[in-house]
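Order of writing sets the labels: A, B and C. Residues in every chain begin at 1.
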């Protein structure tokens, strides 16, 4: 009878789809669980390949988040304009260990300022997010108010040109929504964005975190 | 004395700090005499893993509940309520990311890129709706997908498009799916995310273009119910295929159909098949001719499609950032543009030789050539089956929902007078 | 149904489908026909005005380049015979005036600075200690590191003294020729009016004058300080500004050298330029402007060759760039 033949065919195809989905799922899980050889021999935390590693120990490092590499950054301003959040989830971060605490800070002051004070007309920052505080002669401490920072990178450019490069742009994960495809990552002209382990989500220059240079997590990495 | 103490501390700090570094020559910081303690750099933590496991659990629960509501309880009101809950959780709370529609891209990337490990939560988001569809039809669309829920809210005056328009516009999701897989597999772009219309609404924050996109879709959605679901959703293609073979699809009547015709105009998606009564048995000769025609047409379409796809491979490849950069470097109008595009500035300052970039691009172009054949062949196959499908008539005496396009929203159930 | 109603329904449907098609066309156009990306940064920090070439004040022209073979060049020195000494990673090279490679030898480590004088010995600042080598490439002495965090950035000699600028310890050490540490110069001493060195980055230069005094750059204060060998400050001059007469950024000048008449030749980073100041500290002229260097070039070490020609070591282009003064006719 036609009815039962069609029913049979349906059942067959249904079984085939089930098998196919099972194979797909099983294959993915298998790849995830498979023991590979560890060429690193050290703590997973410091291994640069943690994101793509198939060892069970590295599983903690595979929930990934987006991060930008300041050594590739050219301060084009797209971090401020391309993030789907307003203001951007990318902020300037100060690596105090690298700072010179200079009076004439290259990232704080506009070039050619007459007075070295906290006057608004002397400042580079368009939103007054970079704060200057006297510590002792002749050192000044510079801190960033993240509520005000828009991630435009002006201070970063000034600091890297005239100073030690202690001001760097970074994605802040208390704000970042961790999109499947990062809008900024797609538009970054220097390809500075990549996925890094969520347990070690920073790529700051000079603070000892350089090992976690991220790897594959999607296109535009 | 003070100086020695400070110098000693500084030396100690330097020692500790140098131990934890990677041997980078970090320049010593100034010596502070006033007792100033240098603050550490704060690095905020990302969202915890436990919450993404919660998302999978909620997905599973929602699918189970909605299946029961559609197949057993058969109540439109309950389905609507659950769809609202899904809209709130998966839409506004999770802000629509990661979603099942987007998971197609991640799975495609994982299949073709050995270095990408697919997080199991995304795999779950991909598989769970498909498994439930295999069992109960497109229940995911009815009450779990936030996109569907949003469009359902604005479907005020649904109009009938007619089978021809439905068929033509219904081809768009196949193009979208094919391109999605091509671009995700080559690691070029996630185009579902890129052209996601409703995520801006969920985040309460989007660019003007994105809001316009959403607005147009919702306005159109007032008169054509669920336009994204029917004519754009790439995941819907997979659900469409699997739902055809579903084990226990939703039925309009709980028992027998009495052909009362009350449900005829109840479906805003034109997914109800009217009864088709066999008048005379179709002669075998005509049946064989139809079979032969399909058997010839389909491979022809596949080959033609594949050939066209392969000819278009350079245009397709241009979406890939490496290929685009090579084209930009060779483009005279780009180098004349003032100020120079940042891509060119960044490339030149990276110090990478152009030859290396070009060799990377040529590897990618080869992948796109193969991809173009496959994409074109796939579209040809879809065309072929669409044409062949129109030649074949299925006979059924009852009003039944068309398994592939029915979203199991249970509106028609309220129209049916038959009680079990 | 009423004819009007049918008409309205048809129009509405037409518009709705039309909108959908417009969307699809927009997506196709955006995906496949994208514009050339922009180079406009709404938050641009434009350094162009600062980097503008002011040719009226340029009094030197570049005549020659010598390309050394050492990886990562970092230091340059010249002796009275016009020979040029280059130090870098794991090696030292000696060139004749015209650029002919006379000798090269390997060393262990990176020598940030190199100094040679009439004695014929080559003094190298290798990371945290000083090494003395012969012209033939033999290691003669290896002095002990003065401190744990020492970074030797410059060496100068005068008579029996060897002055070593240590950017890590932020002090100038005075050694005897035998390698014995005999004193410190530049310790902060408010009673004597010595402000102390502010060294924000590893650029700390010095040079000895013909009168036996040593001139040291205080980069954080953008000034030059002159000391006698016992450590007493004799004089100081300096100017902090982005304008051409001053020293820009947080720590400049990065390097300097003396011309035969006692004029200062200075080089800076940030706004990459090489300038000449009179012995009193008044700005005289420009030698090289920022457009002659790659953006972000640092470490333009200087040396003076025969006839007061200025030798600039460009670590980014990996060249020794030779400048001579324009005569009045040119």
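To be clear about the criterion, contacts are C-beta pairs under 8 Å (C-beta built on N, C-alpha and C of every residue); 3 or more make two chains touch, one makes a residue touch a chain.
Note that the structure is predicted; figures quoted are calculated from it, not measured.
Visitor: Edges wherever two chains touch, nodes for the chains themselves; is that graph a line, a ring, a star, complete, or other here?
Guide: Basically all the chains touch each other, so complete.
Visitor: By CA centroids, point me to the most central chain in this structure.
Guide: Located nearest the centre of all protein C-alpha atoms is chain A.
Visitor: So using the touch definition from the top, which pair is joined by more C-beta contacts, B-C or A-B?
Guide: Looking at B-C and A-B side by side, A-B shows more C-beta contacts.
Visitor: Work out the mean Cα position per chain and let me know which chain is farthest from chain B.
Guide: C
Visitor: Quick one: report the Å distance separating chain A from chain C, using the average Cα coordinate of each chain.
Guide: 31
Visitor: Quick check: how many Å separate the C-alpha centres of chain B and chain C?
Guide: Averaging C-alpha atoms per chain gives centres 53 Å apart.
Visitor: Using mean CA coordinates as chain centres, what's the gap between chain A and chain B in Å?
Guide: Taking the mean C-alpha position of each chain, the two centres sit 24 Å apart.
Visitor: Give me the residues of chain A that touch two or more other chains.
Guide: Residues 76, 78, 100-101, 164, 189.
Visitor: Residue numbers in chain B touching 2 or more other chains?
Guide: Within chain B, residues 27, 30, 194, 341-343, 345, 349 contact more than one other chain.
Visitor: Quick check: what residues of chain C touch more than one other chain, meaning two or more?
Guide: In chain C, 37, 41, 198, 200-201 touch at least two other chains.
Visitor: With touch defined as at the start, can you tell me which chain B residues reach chain C in the complex?
Guide: 10-11, 14-15, 25, 27-28, 30-31, 157, 159, 161, 165, 169, 172, 179, 191, 194-195, 213, 216-217, 219-220, 222-224, 227, 231-232, 315-316, 318-319, 324, 328, 331, 333-334, 337-345, 349
Visitor: Going by the contact rule at the top, pick out the chain B residues touching chain A in the complex.
Guide: Of all residues in chain B, those touching chain A are 17, 20-22, 24, 26-27, 29-30, 32-34, 36, 38-41, 43-47, 49, 52, 95, 97-98, 102, 105-107, 109-110, 113, 115-120, 123, 127, 130-131, 134, 183-184, 186-190, 193-194, 199-200, 203, 205-207, 242, 245-247, 321, 341-343, 345-347, 349-350.
Visitor: In the complex of these two chains, what residues of chain A are touching chain C?
Guide: By the definition above, chain A touches chain C via 75-78, 80-81, 100-106, 111-112, 124, 126, 138, 152-154, 157-158, 160-164, 187, 189.
Visitor: Quick one: which bits of chain A touch chain B in the complex? Just the residue numbers, please.
Guide: 10, 13-14, 17-18, 21, 24-25, 28-29, 31-32, 51-52, 54, 62-65, 72, 74, 76, 78, 84-86, 93-101, 135-136, 139, 141, 143, 164, 172-174, 176-181, 186, 189-191, 198, 201-202, 204, 206-208, 210-211, 215-221
Visitor: Per the contact definition, I'd like the list of chain C residues that touch chain B in the complex.
Guide: Those residues of chain C that touch chain B are 9, 12-13, 15-17, 19-20, 22-24, 26-27, 30-32, 34, 36-41, 148-149, 151, 167-168, 170, 198, 200-202, 295.
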